[in-house]
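Structures given as structure tokens follow.
Common to both upcoming complexes is chain A, partnered first by chain B, then by chain C.
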Partner chain A sequence: MRCESCSDVFHHRAKQGGEEGSFLLNIFQTSTSAICSRATFIENFQRTNTIHTMPNIKLQSSDGETFEVDVEIAKCSVTIKTMLEDLGMDEDDEEVVPLPNVNSAILRKVIQWATYHKDDPPPPEDDDNKEKRTDDISSWDADFLKVDQGTLFELILAANYLDIKGLLDVTCKTVANMIKGKTPEEIRKTFNIKNDFTPSEEEQVRKENEWCEEK
Partner chain B sequence: MHLLDLPGDDVILKIIDYLSPQDWLNFRCVCKQTYFLVHEYFKYMKYLDLSHHKVLPQALCQVLPQLCHSLKVFKISNSKIFNDECIKTIIQNNHNLNHLDLSNSNLKNGTLQPLVVNCKKLEKILLKNCVWLTVGAIEILAFHFPDTIKVADFSGCTGISEASIILFVKRQPKLISLSLSDLSCLQDETLVKISQFCPQLMYLNISRCCRITDSGIKKFAEYCHTVRTLKVDGCEVSERSLSWLRSRGVWIDKPQYPSYLLHRLNQIQTWPRTQL
Partner chain C sequence: MSASRVHSHQQHLWTSLAVILRVFCSGGREKSERRSTWVFFVRLEQYWNEAKTIDKLPDKVVLQIFSYLSHREICRLARTCRKWRMIAYDSRLWKCVSLRPEMSGLHVSSLEALLALISIRFGPSLRYIELPIELITHTVLYELGSKCPNLTHMLLDFSTAMQLHDFNELQGFPTKLRYMCICLSEVIFMEGFMRKIYSFINGLEVLHLIGTYEKISEEEEEIYEVINIHKMKSATPNLRIVNLYGINFVDDSHVEAFSSNCIQLECLAVNYCAKVTGSSLRILFQRCRKMRCLLAQQTGLLSEHVQAVEWEKTQLQELDITGTDLTSDCLTDLLTRVPALRWLSAGQQDGFNDSVLRAFADKGNARSLMALDLDRCESLSEDGLYKFLLRFGPQLRGLVLSGIPHVTDQLWTGTLPSLRQVKILVMGMSEGCCPKISQKVLVDQLVDCIAQNCSQLERLELRWDPETLRYSDKSQKAIDTLRVRCLRLKCLVLSDGKYYETVKANFERADRTTVVRTTTNCRVSNCYLLSCYQDLLFN
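Right after this comes the complex of A and B.
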């Protein structure tokens, strides 16, 4: 923990107990494990200051763990939102939404991302008239995605299955940044990809990549 | 979990969308699957900007015209990498083209022919310094193109005439931005027609059109009430006409006062005050 004054205030509020208290304790513990910096800590604290009671929903991961999440945060997933609307589920129902394609570790991370981004405006539709950029990843997201490749790809799969555009965009940008500027051999090393071209095929592809002379 | 285990259509193509042309080339060399995926990507690619590329690998020169079918934006200004046939093929195959930029290119007149037949959704056409563009080409665009164009740039297209420009604007009432700089054929009459036929015009660039006079600007100001930006640098026009537009909040690139006078005013303001 880097900021003692913030952590003291946090601890105090968490100790007051109740639903808010346990929620805060969860964030506090999550932040501790992420070794969050002072700025991030204050941000988290300010966000949690706006907590008020909201209806919850239960999400069940593929390995049977249940997560209680407020329904507005869960609805950032178009898949979950559609399920709720199609099934006509009331927000007070004790029903559990099963997510057989997402394990608990990844679901926990997805909920953490969605909670942090709960007040974000809806992501705009892709503008096909503009070049796609990868240099606009926020520092929080960059820290959040400092994970091993396996986890990153699992997050992409989860964001794709759950249809969470913001998370899918930022994870794809992160992978694109891992490819950018690298030679084919460097890309193979980064992602542990086997070169399955025969020597003559590889020669052909390398020839195709030669720069044409200026006309 | 491996990169290539990710779903191709939904995810890997989305990742390739963030890469530059050089990165596509490197990625396709990695293995057979990435080779296939990059080629698949070209079929769904919507945005292609190869402006300022003087050279491009043979692979892309051949492959792109054949595979691209979903382009909305195609920019190759200041670039000589594609010949006329390649550009014609790309235009022919991409019916959803919305934005075409061939500025500073060196092509033949017939290159735009498939545009008229195939691309009914074009909104931006940028042909700056395309000296190969003829009166006939503009007339064909005028007569056969739907009225979808919002942004047009024919600056420096010395092969076109005033009459063909008037014909074009007459048939494109949705124009918001029009650039006609460095055209010595342009006279006051064109400005009047532009103001009459383009009720939504917000940006007009007629820099260095030496035959435009104060009279043309005055008439333009009278009829066109939507313009917000006017570029007249290098035109023989003065505040007698420009002040009308300035008073309506129109931004004009020509300064209100000549620079030597501005400098003098600045000097006066910084003189030390003396007690009287």
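Right after this comes the complex of A and C.
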């Protein structure tokens, strides 16, 4: 159940009044349910009660599912931001932004990531001289990315298509960490890569890169 | 998850699908129902066929993944398959190259190999290069000048030089350099090289001259002025940042020299240049109106010279006077006259006592202060510090209060609630030759307090020795809280011992393997908060 449906149900029941109504409200306000946090619940509850104050946008995945997302969160994707600006979309429109390259499972995860990171400062411009680190992945991101390879690559493709730098960076770092320390054969096994070198090519590449090996 | 597991999952799925399909198709179901089931399975099949593998990623994404790996790794990746070989050779991955093997750089076996690499591999993408002495020849420099038009940062390491190569034939040199770092040797005179490049380096904005401070032996050896700073400053009028690190011959005349031609100067660092006494600081600030950062750690600053500076007319924001022997009067005078300091490092100052701190708080401009380092300032009392932190703690991003025996965990637990924005924190003291600390440190409560209050924490160092720390079997809970609450924590430094092992194991179980380190190979300081931190990095 999504938050809005929860709050709708409880709102309706609470309105019916009586003991049950206020009891339900009370439970939900004090419980630490895993479905949604108390803050989100109250926020949504208030929203359904009052005039629509937070502008939302509807995103549609490739398999037809629609997700309603706060416009500011959706704008972390430069692709979506540009689309909105180009199409001159009004926030109150019932327009739906189609995302034919992203399926619902992945879109859901992307929205989850973007929501958690909505208050992050914009990522700094790449400094040419800084050695790129891979050990600065936060705990939350590390947990978020504990998924199978297929999902990880789908997330990378989605982040690339939607142009979400933060997500692309952290997913690429994760893959880089999977590569570190492995021999070419181990890398091939891990990622199911076909060795398409001929024996003479293979020898040539090895020679070309001899200078990089340990002294 | 390995590819083979994905495959076995796929096989399993196909078997089940085949069974279900047979069941549905043989049963007497409605045509429409069968059709929708069919559509469902077709969609599922499509999904599985499109299960993403790494070869589905576009080249530019693979390039980004490679950019997080070292050059050694990249050379290894080139041997995996044809596509990866092509990407590994993309010159965009070779923007910053270090060829100093002793500094974890690459090792090039011959000059010819390097020249070939410069043309083929590095080319126009090269932005930054580090060269060891054996590769600093006129042909290499000429090649770099002609083939790498975007080379803006260069490090030349002469420190192990026995003799300088002949540069009489030097025809060309990179012309767009903005950053140059020269590691000096003790005995090799640089003039033969420098006079050939003066005409190429007038665009230089950042200059590092790294001396041999760390290599100085016990006896008083002869000190050679191996590089002519007076000539250098004439060639480089656009310098903004000058770092003279640990150079034994640098004195006040050299500071004055830079001030006479480099009026764009914003940051001057003379750390570990023992001969600098500060007599030219007054004129430095008069001439260089943009000076906002002065780092003079472990120099020979004299109080009368420091007091002679017109501090109130300067734009100074960052000051490091660690380990200089200044009097309390001088410090009070300095801190009440200087305009808003945001970064102050005044460690190892016996003269820094409570009255200095009070004067700074009441009469000085401490409103902009965001980083403070008072390591080993033993003249400060617990009470004085407590009052100061209660008032200014909320604005601090970095705080170093290590090395003071009477700053106990009780003071910390009392002041941590005021340190909500702090990103860098260093506390505790190791015993060494100092008087023994009588009380044990209850580290569990301390860690818990840090976790509850400092959610922005990025770097933490606890310097207490393992014998001083007292922890219980409940310590795991405190460590968990720290790990879970301080999600930005990227560095936690402890003294090597049982407690360190416990914390390290905890973080490793949570897959945060690089966070916990020992004091033997890592130190935390406020330097990350300097505005020109990036430009001040060298080696």
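As a convention for this text, the second predicted complex is superposed on the first by the 157 of 215 C-alpha atoms of A that agree within 3 Å, B and C clash if a C-alpha of one lies under 4 Å from a C-alpha of the other, contacts with A are read in each partner's own complex, and residues count from 1 in each chain.
As a working rule, a contact is a pair of C-beta atoms (placed from the backbone, for glycine too) under 8 Å apart; a residue touches a chain by one contact, two chains touch by 3 or more.
What you are looking at is a predicted structure, and each value in this text was computed from that prediction instead of being measured.
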Fit-or-clash call for chain B and chain C when the two complexes are aligned on chain A: clash
Which superposed partner A:I156 touches (first chain B, second chain C, both, neither): both
Touching partner for A:A142 - first (chain B), second (chain C), both, neither: second
Overlapping segment of chain C (options 8-16, 62-70 or 512-520) - the one that collides with chain B in the superposed model: 62-70
Residues of chain A at both interfaces, chain B in one complex, chain C in the other: 128-134, 149-150, 153-154, 156-157, 160, 168, 172-173, 175-176, 179-180, 183-184, 187-188, 191-197, 201-202, 205-206, 208-209, 211-215
Complex contact set, residues of chain A against chain C: 63, 103, 127-136, 138-140, 142, 148-150, 153-154, 156-157, 160, 168-169, 172-173, 175-176, 179-180, 183-184, 187-197, 201-202, 205-206, 208-209, 211-215
Complex interface listing, chain B residues touching chain A: 1-7, 10-11, 14-20, 23, 25-32, 34-35, 46-47, 49, 54-59, 61, 72-73, 80-81, 83, 98-99
Chain C residues within the chain A interface of the complex: 1-3, 6, 43, 47, 51-58, 61, 64-69, 71-82, 84-85, 95-96, 101, 106-109, 113, 127-128, 153, 483-484, 487-488, 490, 510-514, 534
Chain A residues touching chain B - in the complex, by the definition given at the top: 128-134, 149-150, 153-154, 156-157, 160, 168, 172-173, 175-176, 179-184, 187-188, 191-197, 201-202, 205-215
